[in-house]
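Worksheet for the structure shown next.
Letters A, B, C and D name the chains as they come in the text, with residue numbers starting at 1 for each one.
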Amino acid sequence: MTHATKRLAKQMRIGVLTGGGDCPGLNAVIRAVVRKGVEGHGWEIVGFRNGWQGPVEGLTKPIGLGDVEDILTRGGTILGSSRTNPYKIEGGVDRIREVLAAEGVDALIAIGGEDTLGVAKRLTDDGIGVVGVPKTIDNDLGATDYTFGFDTAVHIATESIDRLRTTAESHHRALVVEVMGRHAGWIALHSGLAGGANVILVPERPFSVEKVVEWVERRFERQYAPIIVVAEGAVPEGGAEVLHSGEKDAFGHVRLGGVGTWLAEEIAERTGQESRAVVLGHTQRGGIPTAYDRVLATRFGLHAVDAVAEGDFGVMVALRGTDIVRVKLSEATAELKTVPLERYAEAEVFFG
Amino acid sequence: MTHATKRLAKQMRIGVLTGGGDCPGLNAVIRAVVRKGVEGHGWEIVGFRNGWQGPVEGLTKPIGLGDVEDILTRGGTILGSSRTNPYKIEGGVDRIREVLAAEGVDALIAIGGEDTLGVAKRLTDDGIGVVGVPKTIDNDLGATDYTFGFDTAVHIATESIDRLRTTAESHHRALVVEVMGRHAGWIALHSGLAGGANVILVPERPFSVEKVVEWVERRFERQYAPIIVVAEGAVPEGGAEVLHSGEKDAFGHVRLGGVGTWLAEEIAERTGQESRAVVLGHTQRGGIPTAYDRVLATRFGLHAVDAVAEGDFGVMVALRGTDIVRVKLSEATAELKTVPLERYAEAEVFFG
Amino acid sequence: MTHATKRLAKQMRIGVLTGGGDCPGLNAVIRAVVRKGVEGHGWEIVGFRNGWQGPVEGLTKPIGLGDVEDILTRGGTILGSSRTNPYKIEGGVDRIREVLAAEGVDALIAIGGEDTLGVAKRLTDDGIGVVGVPKTIDNDLGATDYTFGFDTAVHIATESIDRLRTTAESHHRALVVEVMGRHAGWIALHSGLAGGANVILVPERPFSVEKVVEWVERRFERQYAPIIVVAEGAVPEGGAEVLHSGEKDAFGHVRLGGVGTWLAEEIAERTGQESRAVVLGHTQRGGIPTAYDRVLATRFGLHAVDAVAEGDFGVMVALRGTDIVRVKLSEATAELKTVPLERYAEAEVFFG
Amino acid sequence: MTHATKRLAKQMRIGVLTGGGDCPGLNAVIRAVVRKGVEGHGWEIVGFRNGWQGPVEGLTKPIGLGDVEDILTRGGTILGSSRTNPYKIEGGVDRIREVLAAEGVDALIAIGGEDTLGVAKRLTDDGIGVVGVPKTIDNDLGATDYTFGFDTAVHIATESIDRLRTTAESHHRALVVEVMGRHAGWIALHSGLAGGANVILVPERPFSVEKVVEWVERRFERQYAPIIVVAEGAVPEGGAEVLHSGEKDAFGHVRLGGVGTWLAEEIAERTGQESRAVVLGHTQRGGIPTAYDRVLATRFGLHAVDAVAEGDFGVMVALRGTDIVRVKLSEATAELKTVPLERYAEAEVFFG
């Protein structure tokens, strides 16, 4: 960058925000955006608080180099988050326009999942320059090989399965481990493979309880204790109604553990063996990101700044192999990336 | 040891067994017993399988130096475990006597909790030489400062609380973390202190839901998300009936999460804030022992061998400060070591 | 697979071996090969011991399902390893032919780095069916996006950098962390990015000591302590002679730490600030593999079996995006995959 | 506390400072002092920056509840540290008196090692009320069973030894691991026991190289790879001059690794086997404290406040068994707590 363009660029003010659920790596993206924006381009970076609520209500927070010194390893997001959708607020988009004008903000970098990026796409269509950064621990966002947060979730789930193995063995019990994944079984598939699970169940393929029981019994016959990893969104064939964790049951009580507890009970009844459920829950989405996720989140942040610098809006940064590329936001949010059946089939040789 | 005593000692055969539930560090004790028995005294070590079932049914497994090379860091027990009580089996004690005679076993080292050590005590009264090694992740065994397995359980629970903090903050939720401890609140107290919990509830002191709600609301007012750590055996004042995790509810369904899920629901209803329960369950008792537990388990094993070498039976090794001492088994199993109220009171300054 | 092909397949015997240096994930590959070979195809799997020494000298070890039950999380290799090259042994290849014939082994799966796979390629040219599985913690093998072992090495290095940061800050010291990477800077680049290093130095780009000192001083001026991550193979511009860790210096003493200790001394002298080196060394290549590496190693093993089943020899399995593909061994071992300068440039915005 | 005493107590202002080297758990003490001081007694807490430099130069920083919300898990110290000794500064003690008077500070809590606590003792003799909190990762401070920071150091060293084991085995190498401990071998003893080391060397007992070589060779003969854990302060018998890590050698170069690298070379020469040194260095004193250290540090902080509240100055809080007690500072700093020979002898059964 020549001195002249640097001076010119200094006038630019870029906004950044984080939307949706917690995900390890959010702060790593923010840090990269600030470092590259400030050091690389001489921009000023304006943080908007609480997702889209920030630009709608003018909740800003200037963030400089000092503010991001210490955040690379921290879970959560220093900008806060929300599920606010400006398109569901009367005059929401106009207020964003006003806030950006008042703040002198030239463009936005929006870090979030399907909803946040859906808004980003519509805003771009409406003439506001936005670059998206994909975020979901579920890894179910199309157009990118992986999203940050996923590796951390798999790491945590795998560590738990490792611990449960010795206790399953010494108590001769079946252990059902319910992991996150309402619509996509990526966490179940990867943590199940990494943890050496004896059955893996995913939402993409309704499971036969009889078949699960068969695998479990075969495992017990070989004098081992079976570990069954089940995504929270997995469903039994024929559609037995299984409550999700966190929903109220017929008696008004909130259920902890949905399909996992249901399945543990089925296994116990049908095999006569002890069977227990463990629901990993929110432990999967908190805490320090893995090195993998920090690198991915950092590179996403750097490349989002590149896109802004080139005025290439309406795009999302994405991982393809080892490259960070850009894809149209319209394409990125078009459909859920579920586990292909051939990937699931790969794992079946470890069942039983 | 002089050459003469060494030669004499070589004739000795000592049995070792593990009873009760899984606990990180069992294999470290076995390894220490074998190393010290074989290398230090020239003994032969005979492993008995599956707790007291081994000496009753003559299930043996010779274990030499090679068998314990690789087990220091492994969870579970290479000898297997059970809850068999020879005093509940007709002729059980006589069969032990016969098996020991047939195997030429001179004395036993029994590693276990209250039940296993209770049998050890009675066998010593009945003329069979036994030395006990205390084991319980709950840390509720009298006469020793700590038992191995406890530090690992606290470590795992604390790590989970660390992870839950960022997700609680970013979702503005109350998170109730249910940890092990049916009768004693040691894991809750230590992991709650270490994890910076905003409320800690233990079985030793029935809790007021009103007070919990007050702390939770105060926390929300200060713009933080409350973490409540609750031992599975904690009960509300006035004795509201709270099911334990794993028990069947009125509708015949096994509950996952007892007091933890109940409390999360109460908090949500009374505060109007989102509230979620996480039940750590069996993850707390499996996996690789911490360095602390490996050192403690190793020292227990070494000192148990010393007691056998001196013919000092009917005792249990115990930690007092930094010393390993011996206490009478009768004393050791006399009463449950619960959390003293002053230790609990120490923690209250962190509530709210 | 129909019953008929299954019966036919049962006759097949496939050999597997591991060559070269230690790498987390080797056992995960072996386990996957056995599960898929035995359960999926009805083959018998023969382990050859100590790399190519096994097939040369007929050192075999039958491995069945039971042998791989417990190895997924273990570092090292149950088959042992060596750097034996049959092409450097007179009659080596003929002896392999004889051993394979005598053992009734139809094909080989060879897991290793450049050298091991180079032999695999030549053996295929000489008419012996071999499928390769790439292995190097350095990630410097062409034709695959990543190799297993790399993620674990980066994870360990990053964890160390995280720990060093607080101690650097509180002692106001520069800390130079020397990581593995003789010819390629992948571990330095990824762990440096993930650990928030203030300077990253790689073999691909000779560094200017003056520039490093400038970054370090800028960092101190901003009241932070600089962390410099340096690959063991990094060299200063102008070719100052820097010894590698493990080499003997002019006085006949083995050096611990090469460029890292040299650089720490330079920094101390030129800045007048305290500066220390830490050489992570072999801690980076041992221990339990990360979940990422277990999944990658497992998938490599499964796909290597597919290649054998299809008679597709002379190939190596490789990662491309999220797919496992096959590439010619000749292509795979053609050149070292070094860090492209644009990837290094990406990181520079974090320097200083 | 009655309302009246609470109102009275509110007038009190208490100072807190941290001195000496980095140690995991310092922030946990500060947090406990603030919580208990403010919430329990209604005091104001004044942080003094950079150890004794703070009260000498009047460098203060008021710390309230909000400042300690987030610091429990953080390494380092939010107050900074130094090695300033007011007794080595002309008029230093008078300046402390003036600063305390000007700030209205009634008493001090000083967290530190031998030096910091030595000053605390003399200040108390000179009429300034100080309560001490012991801190050293080396665990070599008399009068307390353990100091915080030690468990974290042992945990980190043990984790490294665990990782080195597989790589030692697969490369058939002797690995010498140099850990902290200039004058006391506690870290070497505990991490050596926990990591299953085959030789442990401590400063308290000069070692025979011949004996070490014997153990190493015996280990190789049994087809295992030896791990030797050596404290940085261990010395060979007869006083061969071994440089310490960080010192300059005869050629003016700073040595990385003292006795560890020297010993690895000796082993290689005398056994003809490959031998490598790994120097863990500063990784041992940084990062997130273990749960054990957080609990201990927290309890130390709470009890230091109790001592201040009771006007019991000139004391240090200390761990005895599971109790926190108070000991005279004069007693606490009287002598170094080294490893007793019988504790070292306990470990010898694992050598070779």
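Throughout what follows, contacts are C-beta pairs under 8 Å (C-beta built on N, C-alpha and C of every residue); 3 or more make two chains touch, one makes a residue touch a chain.
By chain, with names taken from UniProt: A, B, C, D = Pyrophosphate--fructose 6-phosphate 1-phosphotransferase.
Just so it is clear, the model here is predicted, and its values are computed rather than measured.
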Remotest chain, chain C as reference, centres from CA atoms:
B
Identify, among C-D, A-B or A-C, the interface equivalent of B-D, where equivalent means over half of the contact pairs coincide by residue number.
A-C
Indicate the whole-number Å distance between the mean C-alpha point of chain A and the mean C-alpha point of chain B.
36
Which whole number of Å gives the spacing of the CA centres of chain A and chain D?
40
Separation of chain A from chain C, taking each centre as the mean of its C-alpha atoms, in whole Å:
29
Using the touch rule from the top of the page, what residues of chain A touch 2 or more other chains?
162
Can you give me every chain pair that touches, using the contact definition above?
A-B, A-C, B-D, C-D
Would you pull the chain D residues touching chain C in the complex into a rising list?
21-22, 74-77, 80-81, 156, 160, 162-171, 175, 246, 250-251, 253-254, 256-257, 260-261, 264-265, 268, 276-279, 281-283, 285-287
Residue numbers of chain B touching chain D in their complex, please.
35-36, 39-40, 69, 72-73, 145-146, 151, 154-155, 157-159, 162, 190-191, 193-196, 224, 290-292, 294-295, 298-299, 302, 320-322, 346, 349-350
